[in-house]
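Labels run A, B and C following the written order; every chain starts at residue 1.
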Amino acid sequence: MAAARVRLPRPLILGGAILGVSMILAIFPSAFAPYDPIAFDYGALSQAPSLAHPFGTDNFGRDVLSRIIHAYRIDMQIAIFATVFAFVFGTIVGAVVGYVGGRTEALFGRLVDAIITFPFLVLVIAIVSVLGPGLINMYIAVSVVGWVFYARIIAAEIKVQKRLDYADAGRAMGYTHLRIIFRHLLPNAITPAVVYWMTDMALAILLGSSLGYLGLGAQPPAAEWGVQIADGKNFMTTAWWISVFPGIFIILTGLGFSLLGDGLAEVMRARK
Amino acid sequence: MKDAVLSVQKLTTRFQTPRGLLTAVDEVSFDVRPGEIFGLVGESGSGKSVTLRSLTRLLPTGASVDGVVLWQGRDLVGMPDAALRGVRGGQISMIFQEPMTALNPVLPIRVQITENLRAHTDLNAAARAARARELLDMVGIPDAARRLDEYPHQFSGGMRQRAMIAIALASNPRLLLADEPTTALDVTIQDQILNLLLDLRDELGMSVVFVTHDLGVVAATCDRMAVMYAGRIVETGTVAEVFRGPMHAYTRGLLGSIPRAGTERTPLLSIEGTPPGLAAIPDGCAFHPRCSFASDLCRASRPVLAAIGPDRAVACNHADAVRAAGSPAA
Amino acid sequence: MPLSEFIARRLLQLIPTLIFILIVVFVLVRLLPGDPTSAILGDRGTDADIDRINRQLGIDRSIPVQFWLFVKSVFTADLGNSIVLKRPVTELIVQRLPVTVALTALAALIALCLAVPLAFVAALRRDQLADNAIRGGFQIGLSMPVFYLGLILLTVFGAKLHWFPVGGYGETFLDRLYHLILPATTLALSLSAVLMRNLRAAIIGVVDAEYVSFARAKGLAPRLILIRHVLRNALISTVTLFGLSIGTLLGGAVITETVFAIPGAGRLMIDSIYGRDYPVVQGLTLALAVLVSITFLLTDLLQAWLDPRVAR
């Protein structure tokens, strides 16, 4: 086994590094942010980037850099909480449906197709509008719609695994279906879902910041990148730094997740 | 050779790989006469397919070709791309092993034939359509007019191979390069296709270079043959002579490993070991680690392909000893 | 089966889908908190109004009857009136939906013009500088939120350079096209990234295929091979992907319309959801669902035309 000397693919390392830093900033923002993110400073309104304020201040005098750092906490939370429930629930449902097959699967396929085709964002906004704006409602809304993507992936994989010999062996030994599904088939089927989860986290940040921009996600005065961009949208010509810098971090973090996902996919491919 | 229609001289093909420069075809030389079927034999990895593709420079990027390939007096190796495209398909055509992947799945057969005709002939649309029908008839596909508008997936395996032959012969090439055309087919279909190729050769007077690993096929169709090992030619001659009296240990080994029905049961001769990977070709004679006739001379210096008679050459230091040992196929 | 039969069959298949959509919309509205009548009337409604709506909806009748009344209202294009804007929903949809369609169509066109040539360059120069630069650029584009890109493009090309208008929609056809260019480009970026990635992989797969070798062996000109053999086969999977991306495209349209202040159906949807204008939400959902289904049909047909194996 050449496992010991496997060279990790570069995307994996790069993505891992970006995310590592992101997690640290998300967990310990105060250690790195020079200012209080919600403290107004009327003496320093809309100041251009300077040594004192590397990313400038916004129209309330808040330090943009500190808000960006504190936003890590919310946006990383979004990445995780908007996806993990969908991942777990979708995996379970997908595994069962894929195993059972037949009419159930056909029906499920139709349901999935119907949901997938509809604009995701519109669905989420609709649900959020019914529940009311806010982070937790956003998690609910995204999870309620997002689980089908995982279910579809897992169902397809389970369908393939189900036909392999070791599944027959399990049946021959009289294992219960549940045991076969979850202890035998699923560990082999779960990899594509994990890779998708990485991409999904990147998408979740995009979605979360979009909702934040529209006022339906994180609520001001909370520091969240989408909210920050919305804060600065009317000042683009006079104080561009308010909106431009937070956006860069959305891109950066999204890239981190994508790279991690690509790297994982490469590692899995090499293992085959 | 004087009347050769194709003369390959010291053809060498190298590939640039992450592991360095690999030589897939090493100073290969042979001639093909008009109207003859020339067999190029060897196991997988012997370089026979690459040799075939090197003749018309049909290689992926990163490959370099040296040597001389004389076709009707012109050297194909140095020919500019535009001129080479004129030769390909028009004068020298190629057919492949797996017709399902060699035919474009989204184009009807008619289009795949007529684009060959458009590229190499001056026929107008009506003449092209007529020729396409004629070709399908020629290769034995019934109901040609209807089948012209069908797609590859609507043909059975043998029919697909016939269609590919029809496409390749559209512009009346003088030379057909066949890369294991029957390997992927059932034995009965295989026979049909081989007979078709023989008939076409007789009708059209074209030459064929037939690449295969199957000596039975060689015995049934080829006039002359060359045996390849590790990218090099180790023996050439007429099929009858090589089968009767092989002069290279590898050829002998190959002949011995064909099961023959109807005779007394003797154990199959198998050659110990496996062919070397391109990155690990031994010094001296490439075959010496597996050769029972090998000596120190074989380990030290690489034998040259030497002519030992008209139409007969071998690259072995102990050719006489091998010949004396007799042929398992006699 | 001939293409005409295939088309007819797919059109027929559209009917159950449309019925399904009608059912879903019907159910969704009734799932909302509160009763449908106050949902439709809002807080302001005289008793007479309430009675009228109740009768119209058939509140006191059984569910199947209600559903039938609903379907009837859809086919007579009477989707009720907007609570907020006080105009017939149908009128609003007819006014705003074409705008979104124009925006989305233009974005799709731009995305294709970007994705196809760049995918070819990236595929044919695989792993070289051009390929890595193209892929890297698109990767960044994929990670960029639509509203952010829109804001930046609007500021740079609209407010600062004055090359394009700063949002809005314009009057004449050409003027509107002009107004749509910037938002369409914004919308096109992430779509073109997805398309390019898929097309590049497809081209790489095709270029290595045997039938391309065979085509080269026939001595065909490289350009002919590229277009007739490589592109046609590579597009097959990309067309499917394109169809699947419609949902994302429409979602992006919503945001783009907000950033660029374009009076399209997307913005109407958001405003209506905010303002609890349920008749509009219901009507728009219906219209969007139908639009998406038709797009699916079109991409299916396109795929069948490209790939004869599908229709069999």
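Here is the rule we use: contacts are C-beta pairs under 8 Å (C-beta built on N, C-alpha and C of every residue); 3 or more make two chains touch, one makes a residue touch a chain.
The structure presented is a predicted model; accordingly, all values stated were derived computationally and were not measured.
Engineer: Measuring between Cα centroids, which chain is at the maximum distance from chain C?
Structural biologist: Farthest by centroid: B.
Engineer: So which has more C-beta pairs touching, A-C or B-C?
Structural biologist: If we tally the C-beta pairs in contact for B-C and A-C, the bigger total goes to A-C.
Engineer: Just the number, please: Cα centre separation of chain A and chain B in whole Å.
Structural biologist: Inter-chain centre distance comes to 55 Å.
Engineer: Compute the distance, rounded to whole Å, between the mean C-alpha positions of chain B and chain C.
Structural biologist: Computed value for the inter-centroid distance: 53 Å.
Engineer: Approximately how many whole Å separate the CA-defined centres of chain A and chain C?
Structural biologist: About 23 Å separates the centre of chain A from that of chain C.
Engineer: Residues touching two or more other chains, restricted to chain A: which are they?
Structural biologist: none
Engineer: Mind pulling up the chain B residues that touch chain C in the complex?
Structural biologist: Those residues of chain B that touch chain C are 56, 58, 84-90, 93-94, 96, 98, 101-108, 115-116, 119-120, 151, 153, 164, 167-168, 177.
Engineer: Could you please specify the touching residues of chain A with respect to chain C in the complex?
Structural biologist: Result: residues 114, 116-122, 125-126, 129-130, 202, 206, 209-210, 213-214, 226, 229, 233, 236-237, 240, 243-244, 247, 250-252, 254-255, 258 of chain A touch chain C.
Engineer: For chain C, which residues count as touching chain B in their complex?
Structural biologist: Touch list, chain C to chain B: 209-211, 213-221, 224, 228-229, 232-233, 236, 306-309, 312.
Engineer: Considering the complex alone, what residue numbers of chain C touch chain A?
Structural biologist: These residues of chain C touch chain A: 20, 24, 32-33, 139-140, 142-148, 151-152, 154-155, 159-160, 244, 246-252, 254-255, 258-259, 269-270, 273-274, 276, 281, 288-289, 292-293, 296.
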